[in-house]
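In what follows, a single structure is set out as structure tokens and then discussed.
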Amino acid sequence: MYSVCVRDYMMVAHSFKGEVFGPAQRLHGATFVVDVEFRRPELDPDGIVVDIGKATEVLKAILTGLNFRNLDEEPAFAGRNTTTEFLSRVVFDRMAAAIAKGELGAGARGIDHMRVTLHESHVAWAAFEAALSDG
Amino acid sequence: MYSVCVRDYMMVAHSFKGEVFGPAQRLHGATFVVDVEFRRPELDPDGIVVDIGKATEVLKAILTGLNFRNLDEEPAFAGRNTTTEFLSRVVFDRMAAAIAKGELGAGARGIDHMRVTLHESHVAWAAFEAALSDG
Amino acid sequence: MYSVCVRDYMMVAHSFKGEVFGPAQRLHGATFVVDVEFRRPELDPDGIVVDIGKATEVLKAILTGLNFRNLDEEPAFAGRNTTTEFLSRVVFDRMAAAIAKGELGAGARGIDHMRVTLHESHVAWAAFEAALSDG
Amino acid sequence: MYSVCVRDYMMVAHSFKGEVFGPAQRLHGATFVVDVEFRRPELDPDGIVVDIGKATEVLKAILTGLNFRNLDEEPAFAGRNTTTEFLSRVVFDRMAAAIAKGELGAGARGIDHMRVTLHESHVAWAAFEAALSDG
Amino acid sequence: MYSVCVRDYMMVAHSFKGEVFGPAQRLHGATFVVDVEFRRPELDPDGIVVDIGKATEVLKAILTGLNFRNLDEEPAFAGRNTTTEFLSRVVFDRMAAAIAKGELGAGARGIDHMRVTLHESHVAWAAFEAALSDG
Amino acid sequence: MYSVCVRDYMMVAHSFKGEVFGPAQRLHGATFVVDVEFRRPELDPDGIVVDIGKATEVLKAILTGLNFRNLDEEPAFAGRNTTTEFLSRVVFDRMAAAIAKGELGAGARGIDHMRVTLHESHVAWAAFEAALSDG
């Protein structure tokens, strides 16, 4: 199994609902350093997993849709806690949709697994990974 | 599959028995930067993998039981080489027991896989991972 | 010159006023990984720059006063842009005050220089450093 | 499952053929920081996954065969794009052959899985992983 | 003294002349992760050291002028060893010229010191720092 | 001012005397990741600060003299607390002596400043820096 991973980041505000979150129930924020790992069993004819240039551009576009925002006010997340693990899934789903639409190039359809990791500090991170149904 | 990982560290002395260890047969020491990754297929109703506050506290308690010690004198490890891979398993087993006892909260029983990584330097690490039988 | 540095972090929301900030004029957030470096020309009689346990506790107390908050609503920062460089100075001033009050121990009065660095992402950081007038 | 990982690096020149590579079609270069993770279900009688001294030496020998070279002129890679993912496989195959030949010691034959990761920058890496047929 | 630092990278090929370089006399390559630290005694009226957006853009433009190239063929470096320390100075000089030309904004003229660091691997880096004569 | 920095590490056991050290009064250990930064105002005729190969070898030799040892039993440190800051000075003094003896090459006599940093964990480090009297 081959992998390629690209990294970018976003800076957002949010708050959480639920006693389990303690002081994080207050409005606060986070820098999320985001890694997206693309996986496939064989390389494409160019010898790559994915066009790393396109992957980087699409990741930036996805994060620009979240960056420098108060996620508490995003209609897409109404009624949800935008935890690090939840946001890992959001980035995963948006990247999977971009692959399906061909935004990472035709060769990217060979990607059959992804793992998205959001580093929230030097001591904690969360991730979501799954097979791609279109893979 | 969702993951959450927390990090802490310990500083211990020990020595190894066996020619394979070369100069590490002498009494020496290590800082182990410890990552514990908790995994589960679905988030709990709060939108989390685990209460990160509780996970951090329990990890600190586990490491406090090992930290600032000469592991050669710990009865629990008598006759064993406390290698980085062995200690990864020790932390894994103690965290698994804490989950089973409910110390990470009732929701943490949904965790069905863990991976414990001990970084011993900037050029080497070891890990132990397994499914949780109570998962 | 000897140095000792300790690290902790905080997660805050804020917004900036001024065209130069572009999209960061919106309410957003950041994880700041905070390094405080203490400097002095000679070690104290115990062979240390500072009691690292006390330094860590005081740093945590300073960051707890900022953590999990919307800095736009903090009276202490009214009318100011809480940029990374500005916040480096805030942490510096509070730590310098703690040293002057003896909270890091009597020996810490030998510290004559400090540098506070706030890492806001994997690609940017800011810092403030100065001599300590009481040094 | 237990893992041990060792790290080293190499500095090479190369160029790529194919429009997808954009400016990387020109002769350029890279530092690859190389991680090799060895995996096995049980530790050997010494309590280790692999003799970390031997693993480090063999990795250095493998990288010395690639280091400080223009990969475009290596006969072994004629007609191939030496992408990061492709080179991950090259290191994997050479390490697997070394294990099969007994260069990591007899105990290393218990290793049944490997993952080789090449970090090409602070924002991108590639990897190859597979079971070892001799495992 | 306040600092702000931004990071980017480049991937180049080159070779060195001189016995001291050993195997690095052959054509090889490197990824240089580049940090540029801007320093000034007081913040500007917006509360910043430099417009971090402009600093990032100018750094990218400077590195694009070097990136994905064989530095042995660059007329600007004819007869010179493009060592990591030499290239740190090149980036420094080009950034200093950009500041002098106003490309980082009028406020950036308050910057009176810079430090440029090029990380060539996980175990080595070089840097050049100096006061800015226009500072 | 130009700098070059090289990194290596050591793994030692030790204990401290003095109430300020709390549980670190017990025999424990540490991995120290060691950075040695060499500084000089001008490059030598080869375009370098120091022969990085020689610097790496000498650093390894210095650390081999400390590595895999219980520092409490080293006659050279009798009656001293081998704190991270103290050990930074030890490495500094031994490297300065090596430079003075010509072990880093004749060109290395142009080095007029050094900074030695010992990272003891992901959240703490210490350093010693000074001008070289022979510089």
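Per-chain numbering from 1; labels A, B, C, D, E and F assigned in written order.
One rule holds for everything that comes next: contacts are C-beta pairs under 8 Å (C-beta built on N, C-alpha and C of every residue); 3 or more make two chains touch, one makes a residue touch a chain.
None of these values were measured; they are calculated from a predicted model.
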| item | value |
| --- | --- |
| Remotest chain, chain F as reference, centres from CA atoms | A |
| Degree value of the rotation bringing chain A onto chain B, based on Cα positions, nearest 5 | 120 |
| Comparison of B-F and C-F by number of C-beta pairs in contact, larger one | B-F |
| Approximate Å spacing (C-alpha centroids) for the pair chain A, chain E | 31 |
| Centroid spacing, where centroids are CA-atom means, of chain A and chain F in whole angstrom | 41 |
| Rounded Å distance, chain C centre to chain E centre (Cα mean) | 27 |
| Where chain B touches two or more other chains, by residue | 7, 122-123 |
| Contacting residues of chain C [partner chain A, same complex] | 7, 9, 11-14, 23-24, 26-33, 67-70, 120-123 |
| Chain B contact footprint on chain A (complex, rising order) | 16, 18, 20-22, 80-86, 88-89, 117, 122-130 |
| Residues of chain C touching chain F in the complex | 1-8, 43, 46-49, 51-53, 56, 105 |
